[in-house]
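Each of the next two complexes has subunit A plus one more chain, namely subunit B in the first and subunit C in the second.
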Partner chain A sequence: MAATVLGLFLPTFLADPYLVTVLVRGLTLGLAGLAVGLLNQQLGLVSFGIGAFFGLSCYAFSILTTRFGWGPTAAAAVALLGVIALAALLGAVVVRVKALSFVMVTLAIAQAFFVAAGLAGLKDLTGGDDGLLVEFSGELAGLRQSDLLDPESAWPLVWTVVVVVVALTAVMVRSRFGTRLRAIKQNEERMRYSGFDPYRDKILVFVVSAAIAAVAGVLQALTQGLASPDILGFHLSGNALVAALIGGSATVIGPMVGGVVFAFGQSALSDSGNLQFFVGLSLVVVVVILPGGAVPATIRWTRSAARRVKDRLL
Partner chain B sequence: MTAHHAATVATPLPEAQPLLAVRDVTVRYGRFTALRDVTLDVREGAFHGVIGPNGAGKSTLMDAVTGSRRPAAGSVLFDGREIARSRIAARRRLGISRSFQRTSIFPELTVGEQLGLVGDHLGDQDVDAVLEIMSLAALRDRVAGTIAYGDQRRVDIALALLGKPRLLVLDEPAAGLSVEETDTLFEHLRTLVRERGVTALVVEHDVDAVFASCDTVTVLDLGQVLRSGDARTVRSDPAVIAAYLGSAA
Partner chain C sequence: MSAAQVLNGLALGALLTLLASGLALIYGLRHVMNFGHGGNYMLAAYLGTSVSAVAGFWTALVVVPVAMFGLGVALEFAVLRPLAGRGPIELAIVLTGIAWMLQNVIVAVYGPQARVMATPAPLDGVVQIGEEPYPAYRLLLIGFGIGSVLLIAAWLRFTRSGLHVRAVSARPDTARMAGVDTGRLGLLVVCLSTAFAGLAGVLAGPYLAVNPGMGDAILITSLIVVVLGGIGSIAGAVVAAVVIGFVQVLGDLVVPSVAALVPYLLLVVVLVLRPRGLMGRVIV
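After this line comes the complex of A and B, so read on.
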């Protein structure tokens, strides 16, 4: 709780707007990573297409505000609800397929939206390959667009959204529903023989995951002011997956940490021209040295160290 | 004897409806016929064993009864109701539960967590009683994947017992168990049938255990019923001895 409150004042400690900008980018990616991690941790499914939901909500918000003059609150609500409805429809089909097919189907969905966003025929709506610069009047949570594009002014909103989403996800994971999902992941056949309907639960998790990605997508539109095709395709989906792997999807905090680490790494290394090399290298390091991700490994080390200290003292 | 009494005795009593009636069931895997026109009655409260050599169709019969395999022909009646096309979860809610040849539990949940999860879903608040019956109370807080294999088999059966099922289908419950563990398990099963009124349909390779515990036995061979009846009669049937039991009889 104390960390949550202290987090609101993080920009004061950092004292550098650029660091806050990277942090906001990292947390936005972290939410997308959380969406990927939730599917993986709860159902054992790997999605290569989380960018579809991230990007669609970002585009929906941007189009509704910029092209149709909607206020940001209504646009955000419709973007989120639209993605949830679409995810329910897609989920009814894709959760039926097995693990490897799920990877390919989700990738195909994201790529389809990626191509659609760049179509010349839709350029008036989406901005085509150039993307769409977001413009709106009105306020969201008391903030105007100029405030939202300033990372320090936007920070309290970003932090609050992140904390609420992470907390709600943690509650879900630890609830009886979360236990049910882990049971489905471990033994779906036994669940059916115990009278459960795993199909319905899997759709629900798919929708929750999409909703988290959609929240991240709206944050992207609000704080970056741009919707571009690359957030719909493999680029964003892959980065979100890497964030989940670096931080570890066994905890809800892991993907957030992974997202922040990724964003700072990207910021530091992008000028080198070898960013993809370093992303690959860091993945290998994480998989070999920190199986399960950095956060679960840190928890294990901390517990182990605490036990050793306790043993010496007693 | 009065005329009235005599008339009552003369009227044939209707035969009790079996809890499970398998009628002319045929199951195919592609062009291979695993079960052909199998008919089987399991009366309520029975401890009914199904034996047969490998490939006889025993597990396929269990699959057809519990819902993971739909028959190509024939019907499966549970308490008079046709269920051959019902889904697995629907059959479970009707009261048909199952344990598996290869133990089927939730390895990363504790014994208590998994029984609580299933018990809650099926509206069974009697998880403690099931833990007690299956001698699992001491293992309640242990992660199921870390306990001994014999204990895991009892967890598997305990999961099947929740929700007070009317028909418990057990697919080779003694597979992988020692002689002592098999004896203990069948003792548990006898207690269940006797004290909780569960009807048990058991497929088992251990012929001695089946004849020692079951009151009715069906012998399958090459996907067809060779004999079915009370255990003693079936055991001494020359056709059964010739086809399956051999010196074990």
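After this line comes the complex of A and C, so read on.
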């Protein structure tokens, strides 16, 4: 609790404002990672296409504000509700397929949105391949667009949103609903015979995951001021998957840490032009050597190393 | 629909057939979906541009698939065998990671710009189909598509190893008990699949643009083909590849503004109405 309150004032402790920029990017990606991790942890499904929902809400917000002059609060609300409605429709189809097909189908859905954003007929709305620069007047939670584009003044909003989403997700995972989901993951057949409705529960968690990604998408539009086709396709979906894998999806904090680790890695490596190589490498390493996540593994190692040191000293 | 449009549908279908049948072969035998297939295809296209620059297109068309057959050996022993105990999704993630690394290496070696591969003589002209002129090279593509389907069908139907592949796909344990060497068979299937990706990559050179993103786009379309056809069914993959080829071309005619989205809509429709895919035995 104290940590979450202290987090609000994090920028004042950080000497370098660039760190805040990277943290905002990392937490936004972390939320997308949480959306991936939630599906994985609760249903054993891996999504290769979370960018569909992340990008759609980012685009919806950007189009409503920039093209139609909506205020940011109304645009954010409509973007979230729109994604939730669409996820309910898509979820009704995709949660029926088997685990491996789910990977392929989610990938195809994200690609479909990626293609749609680049369609010539929609260029007036989406800006085509160039993307769309977000412009709006009015305030969101007392912040103007210029404040939101400045990471330090946007930080309290970003932090609050992240804490609320993570806390709500943690509550859901610990609730009876979460227990039911893990039971479905273990043995769906038996749950059906016991009088539960796994199909409805699976759609519900698919929608929750999409909603988390949609929150991240709105944050992206607010803090980066840009909606580009990148965020709809494989690119963002892959990065979110990496964030979830690095942090491990066993806890709700894991993907957030993974997102921040990814963002720092990204800012350190992007100049070299070999970022994608390291992203691919981290996928391989995490899955092959550190299943469960690199961050949890590091914590385990540190603890056992600390214990060994203590044993030797005492 | 004119003759040229039918041929366009077949040309795209041929390319997809080469890729999707490779995916379906491995899946049928090993229950591995090769998410690195697009990367292999892209690698082959780039190798194709290099080899053609030195020794000409026709040499590349032979050399690159043979080299890719060799790469299949590496894939089998360095990745698939050591990770044989892992789930199909973990393998999918690892293969994706390897494809991304490969993509980065290709950009580092060849640069990010698209490369042009000249249409080889004597196919750089047009032929008259009825009244219309049609690019001769696309007929080669169609020929290779049909040829590869016939080859795979003949192999599966008439040879001992083909029989074994069918046996292992249907009943892996029984086949193994009956003395089928699944290890050797698995290796053969992986190598054939990468060789086919090699063939597709070189053939795609003069037909599509050779660029670092080419693998991602066609991988997704090939995966859609595999799901549409019925996961693991080679016949289904062939049918679905041709269907997607035609649907693309038809879409360009009827609804040009949203034609690019048609394959994805088709995927959703098939999943709703027929979750097993067109010819699959199991529900995807």
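The working rule: the second predicted complex is superposed on the first by the 286 of 314 C-alpha atoms of A that agree within 3 Å, B and C clash if a C-alpha of one lies under 4 Å from a C-alpha of the other, contacts with A are read in each partner's own complex, and residues count from 1 in each chain.
Criterion: a contact is a pair of C-beta atoms (placed from the backbone, for glycine too) under 8 Å apart; a residue touches a chain by one contact, two chains touch by 3 or more.
This structure is a prediction, so every number in the text was calculated from the model and none was measured.
Undergrad: Answer with clash or fit: subunit B and subunit C placed together on subunit A by superposition.
TA: They fit side by side.
Undergrad: Quick check on the superposed pair: does A:F196 touch subunit B, subunit C, both, or neither? Answer first, second, both or neither.
TA: Only subunit B is touched by A:F196; subunit C is not.
Undergrad: Using the superposition on chain A described above, determine whether A:L133 touches subunit B (first), subunit C (second), both, or neither.
TA: neither
Undergrad: What is the contact status of A:V171 with respect to subunit B (first) and subunit C (second): first, second, both, or neither?
TA: Neither subunit B nor subunit C is touched by A:V171.
Undergrad: Let me test your reading of the model: by the given contact rule, A:A183 touches which partner, first (subunit B), second (subunit C), both or neither?
TA: Only subunit B is touched by A:A183; subunit C is not.
Undergrad: After the superposition on A, what does A:L8 contact: first (subunit B), second (subunit C), both or neither?
TA: neither
Undergrad: Contacts for A:V284 in the overlay, against subunit B (first) and subunit C (second): which applies, first, second, both or neither?
TA: second
Undergrad: So, does A:G238 touch the first partner subunit B, the second partner subunit C, both, or neither?
TA: second
Undergrad: More residues of subunit A are touched by which chain, subunit B or subunit C?
TA: Comparing touch counts on subunit A for subunit B and subunit C gives C.
Undergrad: For the combined overlay, can you note the least CA distance between subunit B and subunit C, rounded to whole Å?
TA: 11
Undergrad: Mind sorting out which residues of subunit A both subunit B and subunit C touch, each in its own complex?
TA: In subunit A, nothing is touched by subunit B and also by subunit C.
Undergrad: State the interface residues of subunit C toward subunit A in the complex, per the touch definition above.
TA: 33, 83, 86, 88-90, 92-94, 96-105, 107-108, 216-217, 220, 223-224, 226-227, 231, 257-258, 260-261, 264, 267-268, 271-272, 275, 283-284
Undergrad: List the residues on subunit A that touch subunit B in their complex, please.
TA: 176, 179-180, 182-183, 186-187, 189-190, 192-197
Undergrad: Mind listing the subunit A positions that touch subunit C in their complex?
TA: Touch residues, subunit A against subunit C: 46, 48, 93-94, 96-101, 103-105, 107-109, 111-112, 115-116, 119-121, 234, 238, 241, 245, 273-277, 279-284, 287-288, 291.
Undergrad: For subunit B, which residues are in contact with subunit A within the complex?
TA: So the residues of subunit B touching subunit A come out as 66, 68, 87-89, 92-93, 97-98, 100, 104-109, 113-114, 117-118, 120-122, 159-160, 162-163.
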